[in-house]
Amino acid sequence: MVKKNRKFTKLMKKSGVKEHFHQPGTIPGTIIVDENSKPPSIFLIDYNQTDLIHKQISYPEECINYLDTNSVSWVDVQGLGNQDILQRLGQSFDLHPLILEDIVNMVERPKIEDYEDQLVIIAHMVVPNNNNGSFYGEQVSLVLGKYYVLTVQEEPEHDCFDGVRNRIDKSKGIIRCQGSDYLAYALLDAIIDGFFPVLELYGERIDDLEEEVIINPSQKTLQKIYQIRRELLQLRRGIWPQRDAINSLIRDGSELISPDVRIYLRDCYDHTVQLIDILETYRELVAGLMDVYLSAVSNKMNEIMKLLTVVSSIFIPLTFIAGVYGMNFNTEKSPHNMPELNWYWGYPLCLALMLLVATILLYSFWRRGWLSNSANLPREFHR
Amino acid sequence: MVKKNRKFTKLMKKSGVKEHFHQPGTIPGTIIVDENSKPPSIFLIDYNQTDLIHKQISYPEECINYLDTNSVSWVDVQGLGNQDILQRLGQSFDLHPLILEDIVNMVERPKIEDYEDQLVIIAHMVVPNNNNGSFYGEQVSLVLGKYYVLTVQEEPEHDCFDGVRNRIDKSKGIIRCQGSDYLAYALLDAIIDGFFPVLELYGERIDDLEEEVIINPSQKTLQKIYQIRRELLQLRRGIWPQRDAINSLIRDGSELISPDVRIYLRDCYDHTVQLIDILETYRELVAGLMDVYLSAVSNKMNEIMKLLTVVSSIFIPLTFIAGVYGMNFNTEKSPHNMPELNWYWGYPLCLALMLLVATILLYSFWRRGWLSNSANLPREFHR
Amino acid sequence: MVKKNRKFTKLMKKSGVKEHFHQPGTIPGTIIVDENSKPPSIFLIDYNQTDLIHKQISYPEECINYLDTNSVSWVDVQGLGNQDILQRLGQSFDLHPLILEDIVNMVERPKIEDYEDQLVIIAHMVVPNNNNGSFYGEQVSLVLGKYYVLTVQEEPEHDCFDGVRNRIDKSKGIIRCQGSDYLAYALLDAIIDGFFPVLELYGERIDDLEEEVIINPSQKTLQKIYQIRRELLQLRRGIWPQRDAINSLIRDGSELISPDVRIYLRDCYDHTVQLIDILETYRELVAGLMDVYLSAVSNKMNEIMKLLTVVSSIFIPLTFIAGVYGMNFNTEKSPHNMPELNWYWGYPLCLALMLLVATILLYSFWRRGWLSNSANLPREFHR
Amino acid sequence: MVKKNRKFTKLMKKSGVKEHFHQPGTIPGTIIVDENSKPPSIFLIDYNQTDLIHKQISYPEECINYLDTNSVSWVDVQGLGNQDILQRLGQSFDLHPLILEDIVNMVERPKIEDYEDQLVIIAHMVVPNNNNGSFYGEQVSLVLGKYYVLTVQEEPEHDCFDGVRNRIDKSKGIIRCQGSDYLAYALLDAIIDGFFPVLELYGERIDDLEEEVIINPSQKTLQKIYQIRRELLQLRRGIWPQRDAINSLIRDGSELISPDVRIYLRDCYDHTVQLIDILETYRELVAGLMDVYLSAVSNKMNEIMKLLTVVSSIFIPLTFIAGVYGMNFNTEKSPHNMPELNWYWGYPLCLALMLLVATILLYSFWRRGWLSNSANLPREFHR
Amino acid sequence: MVKKNRKFTKLMKKSGVKEHFHQPGTIPGTIIVDENSKPPSIFLIDYNQTDLIHKQISYPEECINYLDTNSVSWVDVQGLGNQDILQRLGQSFDLHPLILEDIVNMVERPKIEDYEDQLVIIAHMVVPNNNNGSFYGEQVSLVLGKYYVLTVQEEPEHDCFDGVRNRIDKSKGIIRCQGSDYLAYALLDAIIDGFFPVLELYGERIDDLEEEVIINPSQKTLQKIYQIRRELLQLRRGIWPQRDAINSLIRDGSELISPDVRIYLRDCYDHTVQLIDILETYRELVAGLMDVYLSAVSNKMNEIMKLLTVVSSIFIPLTFIAGVYGMNFNTEKSPHNMPELNWYWGYPLCLALMLLVATILLYSFWRRGWLSNSANLPREFHR
């Protein structure tokens, strides 16, 4: 009867367990290629202070020539849909089988692995999805060597590296004068900074929800709150380990990273901490929103019940009075049998009695403040 | 009156306190055999790079010949239903009485014990139960010696070691070239990886519940949420200490584990951390679901109350009007006594008045939005 | 109007603050004897590998002869109702005044105190109370000397030491071959293991509550949940510090404890950690039960409201119709005044109209599913 | 319209922020005298093993003679209402301006400051207020010198030091044979022990609330729960830092404190930990009470709704039947128009029908158990 | 339909993410000038023990002369609206590009950065907003050099430094005799102390809410609670890292800070801890308020339902009785047909019956206590 909520499922696939995990007992280092993934395209940017080469490469082995030269080589692999090419890529860069597994099987938490002459950084990259206020997330792996940086991403459609490409192309800032460690920093910084616009979207969604939840709480609102809560949990799982990874990058003192770049990494670390601060604040706000929602629903119920009570309490006694004078006691058998029916002013007096009762009841409700704000609260709210 | 909920009870037995604990004051090292447990079957796999022996063994003492040879021996004991055999097993492998107690009495939390020439790993193994989305759990004990690995499991019906057996048989990967420490790692890795499909089942159950809770929350939903919460707690008690155990395995530097295997264990540790990440996320999601459930039930109540209020508020005043003209004031005694009854258009005017009142009330309810979504929300929900 | 809930009060006295605390500013080391406490009985068990003496002692000073002999002496004091005897006991064992205060004033948290030639362990002992699923709790103090163990307990009626006494009497296990440190371990282990049957009782109570809360939640259920929560809090206050105490016992390396016994203590520590695991799981389950209770009560309210709404919504419109035709408009004055009253088929048509309205309403309620499960849910629940 | 709740405000003033804080940017070390504070009275007790001097002092400078003598001098200042005297006190005792500020401006959290020849302890002292089950709280500052202890308290009316004064006067215990460090310990111990009777009061209030919340939850109950929660928060802010302060007193090893006294301080530390245990237990209990309250209110609503539903469901159908036979269809126009009205047994049959309907409905309600416990639950509750 | 809630949005801008964050991939050290910011005004105060210069400076380069002289120079920059001036300021003070970015881009969390000859402190400054009980927040950056302090703030309208300016002008306290480190401390202390009046405002708002929530909970109350919760979250994000920053300032031992000033910083640190204590207490109180609100709303619903139930339960049976005697059974056809109608005392007896029923019902409601406190609770509440 009920269609699957696609967005939920999609998210879980992106960030986690489904499909990518390998069967228990498979050989460690096994590469599993996702059938839906695009075939890898390999882009090379090789630069030093004066020269710059831009090139798309067909075979992974082409890279080898560039790796040991003095210039900085950035090899960017986009798409993971071909097992053979990935294997050869691993050989070209001389990667440990476990690293290659981590890079290809996109289920890893962010982490840092230090293999003497290579530093592997597994990170999460997010790009805001302005259509629904959510985000696209994917794993990015950075391998830092002495003269090269290898980046591997699954989705060729969007990344956060355009700013860095631009700086290299236009020779802006100091990037062209620095080594591969600075490039790795610049890419990592771009990844971290990429979380800010995503969080900004969530900030706006929470702002909108805050009003909706107080003014017009509905089933949909509830769903939205839960949805945000869930997505923030996803983000959190991406950011927290990133912080630890960067921190150990700063402290562990790999020789591949120069002290100058280490200062920049500290700045990068500060940004991650700030991200976490904002994220946790948002999580607390959303948790608070759920409480507010529950209260607002109860409030609404109060308004409904008030209305029911006011209407019932006024008309039920009146109906009773009408019922009394609708009785058929025989007035002719006895002077005590409903003499009011034969009074000259009987009916007007009866109506007057009803009016009196209604007035008294209305007045008592008014004193309790049940009449004033029962209906038009939402409109009064706009301050 | 009410039958016991078997599943709950079963789970608790599996993972914990009941039955297996010994009476206070019994001698430490006492082995208590569960009467329902199957008698132990002992399987031996002895291999090196070239040779491979598969064998079922009848008497524990038969193992002794294989333990000190240069080849790797994997002794797999399935079933715990015979105290005598277990005692002799302990003697054959020269196990400390406390270790034997830990292995047999299946109530231990995962842990690692380092006895100079033996490393004992107590772990929890889970196998997904596709019938109800839950899992079968049992304790597995690994004893790692210089040339052998002893594994003891209670339930012979299912384990996660088929992949490993397969790799040994078909000589896939590097397992045949490595020592007993690599075998122990491979088994431990299979145990850890065995949690992923179980968690995946829970991910699906949570997905299903998310829809159920918003669209059609019922008593059963509540029960399911609580059930998942409870089972995740069980899983958690299995995974968390496993992480600590593997961590201390990596750091404490027993001589039985070579540096190469230590790198693989780090990968295994990463998987455990990832499991915990997912598990904790699920736990938060389920906690959130409970809030959503409560809100959804309140919402439903609001809908019910709205309907009651709309119906009552419209018909109670109308009934009052009808009641008034059902009064029996004597129109002949006075011209003031209900002259309306004798009007030419009396009845049509009265009906018109009722219609007017009903229209005004309906309009005011419509303006408040009480009429639109009161009934068909569940059907509108399918996006 | 309301009688005091005795059980609550009793519990608090047992585990805590009331009565036993001394007035601010009293001299440290002051002994306060609880008037209701029984007078102390002193039991001596003196044993070595070959000999065994069982004896009840009248004067504390009698112990002194046994303390320095080579055999292990276990002096067990039961009851705290005589200040003079306690003072003399302190002198006989040469206890620091602060220790004696700790032992007698039963308000201490579990802890370990290391006085060069004596090791004082303050622990909590619990015994399951099968009448109400709760437990009796009391403080036990162990003083470990080179050749003796002194235990002091308040309540002579029950303790967990029978197993240990049995092992000494029957010379089971290795206890008769070991020193006083092993005896202290055996007693401590019996105390720790004594928590398992208590927790088992709570496991059963929680199982029962789980069904009650979903099938038939009532005021009493609420009270039971709160009661369990409270008692688990009590248990927790007893267990947590016990863990720390045992841990520091293992690590701090007093000379009174031999390395062999230290291994056994590690086992004891593992049991404590396991206890805490189970306890915290139970606490989470009970916290979850409270949420479930709240939801179940809301659900029940929904059922009640549904019934009210169905009944009201069907009969109020019908009563309105009846009311209309109960009006007294004069049909003779005008052909427009209630001509239906004079129709040949007037009454049957009116009844048919009522039937139609009722059918339509019932059908619409049926479509919403309000009729099916409103009443008999509890009976359907038994799976 | 609503008067300020004085108690709340009073509490906040006592324990915290209001009034005492100085303007941002004022000179550090500034003394602000609270106008409502009483003028300081200075009491001196000077004692050694044999002699004892009790004296009220007019000018702070009089103390100086006693400070350097071999006997222990306890200078107790009560009241803070005179800036000049306080300044001179500071000079007499040679206090650092920041210490004097801490002592006078009663807003500090408990802490310990070590100035080579002086040890400053800022503590919170509470005295139970038996009128309302709350407490009076104030700051006490202890300055420990080689031969003297200076204590400063705001409120002369009550403190917890009477026991200590008594022990000095009557030469009870070992206090007269010990130095100033023991005196400081004795005072600190009295302060800590002073929390127990306060917590005991809260234990009783929680006991009372437990019954009230289940048997008769009202608006007032809610207020009381919140009030206790708030006051426990206050207490907590006083106790927690006290623990840290005492701990650092034990560990940091100031030369002013002898090893013997350090053992006593360990006892004092244990008491603080125990206080925190009890306090946190109470906080959990109160948090649980809030949940229970919410559930109990929902339960009560259920009872109310049940009554409404029973009454409505029984009488609305009956009224409908009465309404039908109150219709005025003309029986003379047609034999089908309400022939029942002219039946010989019409009225009795109609009443019998009503009785039948009512009985069926009552029976169905009885089967659901709605009739039994709806009203008299509170009275049944007394077990 | 609904206007944006400005205050929320404003707050978020002030304290966080929006607008100021730079695009992912921009060059580190980029300065982004907020268009709405005011152009910078630069104020110089140069002083030593004897001399004092007050001066407004037009060009940043003018400062340079003062920086290396022996006197202390305080350069206070207010407003950030001119990129060129800020760049030149950075050059004049020889600031690292990353520092300048931190100072100008007002999104940083409080932190401390130690560059050998400069110490950079990023702090949050708040000023109470007495109009709405909230606060103005902005970032303040302090750069401490050997002979100078540079402060940069965005908003020229208000800061907390007037007290410090005053002390310098009037030569109050020891500030004129101390170096630049004391000035930095004094400014930091003023910033920290500036949080107290803000928290005091929140204390008052919480006091007010406590009454509102119990006496008259409405939709607005809910909004206020959420608003306070949100603002306290903001404050928290400002204070917590400030504590860490000051702590590392004390411990890390930069040479720019003398031991004397370090003692003062410890005082400053104590104040921060105290702020956090108060803040966390407030956060707990507000969380408690939300629970109280939910309970109070439920309570109110109970009152409403009670009224409805009382009115309905009394009048529905009465109306039924009236309905019975309004039936038209033909009394002439049979003596059994409603003989009551023809009784002599029929009508009075009927009224008496009604009165009896009403009395019984009222009495039973009164016994349940439903009549007493249903309406006038709010007025009774004023104690």
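Per-chain residue numbering starts at 1, and chain names A, B, C, D and E are given in the order in which the chains are listed.
Basically, contacts are C-beta pairs under 8 Å (C-beta built on N, C-alpha and C of every residue); 3 or more make two chains touch, one makes a residue touch a chain.
Computed from a predicted model, the values in this text were never measured in an experiment.
The minimum number of touch steps separating chain A from chain C is 2. Note: centroid distance chain A to chain E, computed from Cα atoms, is 25 Å.
Averaged Cα coordinates give chain B a centre that lies 41 Å from the centre of chain E. For chain C, the set of residues that touch two or more other chains comprises 294, 298, 301, 305, 308, 312, 316, 319, 323, 326-328, 338.
The touch graph of the protein chains shown is a ring with every node of degree two. Residues of chain A that touch chain E in their complex: 160-164, 166-167, 172-173, 175, 186, 189-191, 193-194, 196-197, 199-200, 203, 207, 210-211, 214-215, 263-264, 267, 270, 273-274, 277-278, 281, 284-285, 288-289, 291-292, 294-296, 298-299, 301-302, 305-306, 308-309, 312-313, 316-317, 319-320, 323-324, 326-330, 333-334, 336-338, 364, 368, 373, 377, 381-383. Considering their complex, residues 2-5, 8-9, 12, 16-18, 21-29, 98, 107-109, 111, 218-219, 222-223, 226, 229-230, 233-234, 237, 241, 290, 293-294, 297-298, 300-301, 304-305, 307-308, 311-312, 315-316, 318-319, 322-323, 325-328, 331, 338, 340-348, 350-351, 354, 375 of chain A touch chain B.
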